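Heads up, there are several structures right after this.
One chain, subunit A, links the two complexes that follow: it is found with subunit B in the first and with subunit C in the second.
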Partner chain A sequence: MTKKNAALRSGETHVQAVRDAFPGAVLDAAWQASDQVTITVPKDMLPDVVEFLYYGRGGWLPNMVANDERPLNGRYALYYLLSMEEADPGFVTVRTEIDPHSMEYPSVTPRVPACVWSEREAYDLFGLRAQGLPDERRLVLPDDWPSGLFPLRKDSMDYRRRPEPVTDVENYEFLYEGQAEEVTGVPMGPLHITSDEPGHFRLFVEGEEIVDADYRLFYVHRGMEKVAESRLNYDAVTFLADRICGICGNAHSVAYAEAVENAQGIEVPVRAQYIRTILLEVERLHSHLLNLGLVCHYCGFDTGFQHFFRVREKAMDLAVLLTGARKTYGLNLIGGVRRDILDEQKLATIAFVRELRSDVEALVDMLMSTANFESRTAGVGRLDPAIARDYSPVGPCVRGSGFARDVRFDHPFDGYRYLTGLKARSHDGCDVQSRTLVRVEEFMDSLTMIEQLLDGAPGGPIQATGWRYTPHKYALGYTEAPRGEDMHWAQVGDNQKCYRWRAKAATYSNWPILRYMFRGNTVADAAIIVGSMDPCYSCTDRVTVVDVKKKTETVLTKQQLESYCWRRTHSPLAGKGA
Partner chain B sequence: MTVIIAVLQAVLLVALAPLVSGIARKIRARMHSRTGASVLQDYYDLAKLWHRCEVREGPSGLVSRAMPAVYLGTMALLAAGLPLIMQACPVPLLGDIITILYLMALPRFLFSLASIDSGAAYPSIGGIRELLVGVLVEPSLMLVLFVMALAVGSTNVGVMAEAVGALSAYPAVAVVVAGVACAMACYIEMGKLPFDLAEAEQEIQEGPLAAYSGPSLAMLKLGVSVKQLVVASLFVAIFLPFGAAASLAPADLLLGLVTYLVKLAAVLLVAAVIENSVMRVRYKLLGRYTWFVVGIASLSLVFLVIGI
Partner chain C sequence: MFELFKEIRKAGDATIGYPFQPLEMPAGFRGKPEHKERLCIACGACAIACPANAITMDLDDEQEYITWDISYGRCIFCGRCQEVCPLYAIVLTTEFELAVRDKADLRESCAYPVARCSCCGKPYAAAKEVDYARRVLESVGGPAAADADAVSLCLACRRRDDALAFQRQARVASEEGGAR
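Up next, the complex of A and B:
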């Protein structure tokens, strides 16, 4: 990347600050790439160091990766990934080792709430227990999974094995944190008319007002990380990473490829970097148009919804032109891309971009002048900036609450390094309207970026060749997907496969804040609040409406759900609940 | 003779309702830049539902079971009593505003009761919303109808229609303002966007409708479509009676039928365009819109009292 001599490597100041604040805490510091450093700390120091870097040094926490390193060094390891976004930008990973006999470590969640999902997941998949973790419920594994079978341990199970279900009923406990004593539980999901994927949200309501909400996700957890490390070779995982999301697959694929490239020190040719960036922006075009359409739909304005989808077809056509498929799939390999952008494709792309700009400007004008748009979105689904700081949400969600966090500008990578005159967008209304406006502006910026990148792309090869494969090296890869940052952590093994691959989709960071966004709104606003997050269920991995006053709630049986899936009428939810 | 016309009116409206909602769907599809389903689609849907088995909620009782039939029946009765084709009411007893207001309140009451009876979360919310809409809109509608009763000296809508048709309703300004308020109240009463709160699909999964299936759902869907026609017809009957038959001569009746259909089509077209260019009103803010209607209705009363 940039020319920095060893003494001034990115992250050096953070490591020094940790050394100064906690003498003896840094057992080891190693750089994986010019902007990535991993420090190993004793596990007792872990909460202090992570809290210090998070609140004291301007860090944000994308996620934490647990790893079974017993075959390598006899221990388990945890990697707390921190994105440093104030002075000395870069990534600092706090690593700690856990003795396989104790299987316990002090929880960081009470100090830095953003760790909560990662620490719950570390127990589900590895059986590593965080002492002091306030919420120890199951997160990733289904309710009928046997307890004591931890799928990602190297010695636990074959990826093809399907354990017998241990229960026929849902036993997930929904937590209610509100003050009101009498609340009704209203179920929204597991299948709900406004969500395209399963997710069970339970709204605790008083009349129509939501007092609190809890949710259970991961109904469509596919065990991709297990498949990647047992079945595919590391080069084929880019195509699996494409399939993480039906919208932003390319963002995952690029993030994975760059994780491996950063770890192995592979220089990607500049032209390939430009092509990756152009396709990431094409992906943002159709994703943002999808969400703008959905905002209309959730407000009952299907005319707007249909028109945004009509225009979105042009963005899909653009994807066909550049990749041969309606989705930007199958483009990346480790070391570069598979398809070049030819001169006539460049000209056609510029024509598409012009057309999209004028069409979307007209549609956005229409949306803004539609009756009730303001009253439906302003002040609805408020995400308090303090909550945002604690939970590290990403994408338009956090940018709608006044934080201009955007990986493209905080840690410029690929073609984003060569852009001029653009900066991260943010609004400080903290509501659905702000998040929508951020998306509108980003859409227009993406068009500008595509034009700049097409103009600036140099000639040359699109694939790097002749690198040396070194086992067990690991690093981070990151991209700004339309919904926020995707963060991949990859470590290759000595068998041409991933030893550990952790893919963090943007929405994984956003789900934990949803309960705060629900509070104080009405049942009528629930769908648009979920929608304003632009959630990706299968990427991260169900709403129950409960009446606080009647204290009743209903759990659907598997049979009811199945019959609903077959008939698509007589919603089992219709008859249950209050 | 007039009883035959009344029965024919009810049959006509019930038979036309799916066509009208089918046309509304077609207009919506066009505004969405879609091709859309056939205008006859709602007939197909009803036929299909009629052959489906009926599934009931466990705890639901007699009210839920009787509601769809009572709903559709009441709407048909209302359709029979309004002066649609001729200026006078075919059955004077059914044309009295007190009867009309109570006949409109009956299905709403049962609709809400049934939604709570179903024992489900979303239908209950829908039922409560339906009552809220009723409480907020019915006073304006009542006020408007009483202003008209005072202006023409009778509570019979047939007499009102004759007076308006002859342009002899006095005071004129009060009548025009009452007409505006009536149009707005009727639009909200029709339950179209942005005021379809009780059945809001994205918010509460079609509310009370979600608790029904098979023939009951068919009756309820038909009932809701007929209600839209009845409410639109009420406005047309009182404030746009022009062209309606003044006598029982076949030629007059035929002309009355044609003009009625044209007027109804125009009103529904306007409603369809409004419906597709707005977002659903936020449940909490419905009061702001209805206060506006109450204001205009009150204004008509003021004009009536001062006599302009």
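Up next, the complex of A and C:
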């Protein structure tokens, strides 16, 4: 039986299972790469099939991609990407077509909550309405965006155009899901963005306890997908992808390059695969040190913060040595990498790795023996495994709740295929402490990986040559960024540009679970909980606190919230709104 | 706690006196691109490769000069220009202090005269590029050198000449065939 399975293509068992469970549902099944299959199902069957694959076959949902395929086949299409992580690992994409006259499809969110942000976004950008979607608020577009303008439709607008604002006021409605008295018509304070990235959080509290929270992001939505489709050639998009995130841009760049390579069937030379993997791990080094530093900071252990950042500088120097830049490595091209790792760089890297290992071991010992760390992180910001299963969070967030999900081990790619003796890390405390411990262990693993990869990298070319460009083929590219999986879906067009590029950052999967992590904690813990998620920023720049009993609201500055997080006395809420 | 103090003592000073002391970047650091206008033949490869459109090439209204222009404000220091340049005329340096008081100072440009077609008189390429092509063909020698004169023609004229030559050849061949 196992022999027979091995002969099947990856994903074949899932396709067969869908065929058996829902006769006639699979209109088409096509493989884009050896581990990626897309099945097309009728619109009405969509929620059933996605739910079946998600809960019935061990699937997790990174995101859904909407696409305007009217120039190709006269319809819109939705692609629900599922990462199958139990038997027969691989990626199964459930595709459905939508008639441009109806523009509607049955929402999958009531069955699989992980779809919620993607379905909200599909309306914002394409005007595709999910029937039965519990939360139909805007996600990506600003409040002052005209309601009938859907920017990613192929016939909607030029990427340089900025429509006139239709309103002067922010009219986003923050939802309160708690049981206590209802809160209505809460006015928002002015949103002043200073140095950090913007995001508006609203905590619903009873006294000091957070009963619920809602938040809004995308204040700095940059429309990169539109720019990539209209302005850049497909081979320059790796450089744009490098700039999605200032911390883990290389992971995006690799994911995009591999999406195109998978779609076009480009064989990346093995040495280039090793180099990509080494750089992904170098990126993880500095990112995890940054977060460990922040954990110290939120625990009021600022000496630790300073020392983690001091050591982190060595990881940055290592990046400069290997790539020529501290961040935005810019080394990926479609088909390989641009810079080789020379022998002297290899030796220097090994020296850096040794130094980092001993330095960080000492710092971690210090952090663990700090009384504050235990008391401030244990049991705080609990992410229930059941919630985690429903929302498909990624990275140390989900691994701190007992799920050893890690793309590097679930779907080994590039150099990860050749590693030995390592496995995905997980802890089951479900709290801030567990997430931090996962990061500490992963940091050490990254050092081991870099050593193994440097040793094992074969010689040879670093760029593929001699492949054919075929328009309209699409596939997935994936990497494990420090915060979790980055998932890119790319389809190139017949004009040397991306026809559609969907970049899903790790934190996109993690935001929806934050409100559950907040619940039951005190206001003093809010900052450390956001920080433990390691979002691309952890700036609770302005938090509006609503007391549901007193029906008052107070706007706290970041400084107030942080200092309360350290001291836990002198509540900034004390005496307000009595 | 004692461990912590030991660590602090061991770490010593982690910072350096920059900007009062120089900060050296390692070789291979991708900093400000340096354009060597004497080497440049204004072929435009860098302008095509530049993902950020920091490098542009513009023909003036009189079509006498083509201007190579870089905006360091747009540059993302990827080094694609360096990779594609056939003459090493643009190289990334380790210089990273690019702040200026006036935004206009972020631009650098260089104008190159444009060559006109010796047949139709239309402008078709930078004179330096034409010159470079001629010198390469001559240095190769042999049949290639015989084509060196054709570089003074624009693409349209060259195509027409090629087509006429081909036609003549075909005619000669068919006449020979008929005579036999």
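Following the convention adopted for this analysis, the second predicted complex is superposed on the first by the 522 of 578 C-alpha atoms of A that agree within 3 Å, B and C clash if a C-alpha of one lies under 4 Å from a C-alpha of the other, contacts with A are read in each partner's own complex, and residues count from 1 in each chain.
Note that in this section contacts are C-beta pairs under 8 Å (C-beta built on N, C-alpha and C of every residue); 3 or more make two chains touch, one makes a residue touch a chain.
As the structure is a prediction and not an experimental result, all values here were calculated from the model.
Applying the stated contact rule after C-alpha superposition, one finds that A:G324 touches subunit C and leaves subunit B untouched. Once chain A of one complex is fitted onto chain A of the other, the partner contacts of A:H307 extend to both subunit B and subunit C. Of the two partner chains, neither subunit B nor subunit C is touched by A:V166.
Of the two partner chains, subunit C is the only one touched by A:R338; subunit B is not. Of the two partners subunit B and subunit C, more subunit A residues are in touch with B.
By the document's definition of touching, neither partner reaches A:V220: not subunit B, not subunit C. By the document's definition of touching, of the two partners only subunit B reaches A:S375; subunit C does not.
When both complexes are overlaid on chain A, the residue A:A30 reaches neither subunit B nor subunit C. Looking at the shared chain after the overlay, A:A524 reaches subunit B, while subunit C stays out of its contact range.
By the touch criterion defined above, A:Y298 lies against subunit B but remains apart from subunit C after alignment on the C-alpha atoms of chain A. Contacts of subunit A with subunit B, set against its contacts with subunit C after fitting on chain A, overlap at residues 303, 307, 310. Chain contact summary for the complex, subunit C toward subunit A: residues 3-4, 7-8, 11, 14, 25-26, 28-30, 51-52, 76-79, 83, 92.
The part of subunit A that touches subunit B in the complex is made up of residues 184-187, 192-194, 208, 296-303, 305-307, 310, 370-373, 375-376, 522-527, 545, 547, 569-571, 573-578. Taken in their complex, subunit B has these residues touching subunit A: 28, 31-34, 55, 57-58, 118-125, 193-194, 196, 200-205, 210-211, 213, 276-285.
Put simply, subunit A touches subunit C in their complex at residues 232, 236, 239-240, 243, 303, 307, 310, 313, 320-321, 324-325, 328, 330, 338-339, 362-363, 365-366, 369.
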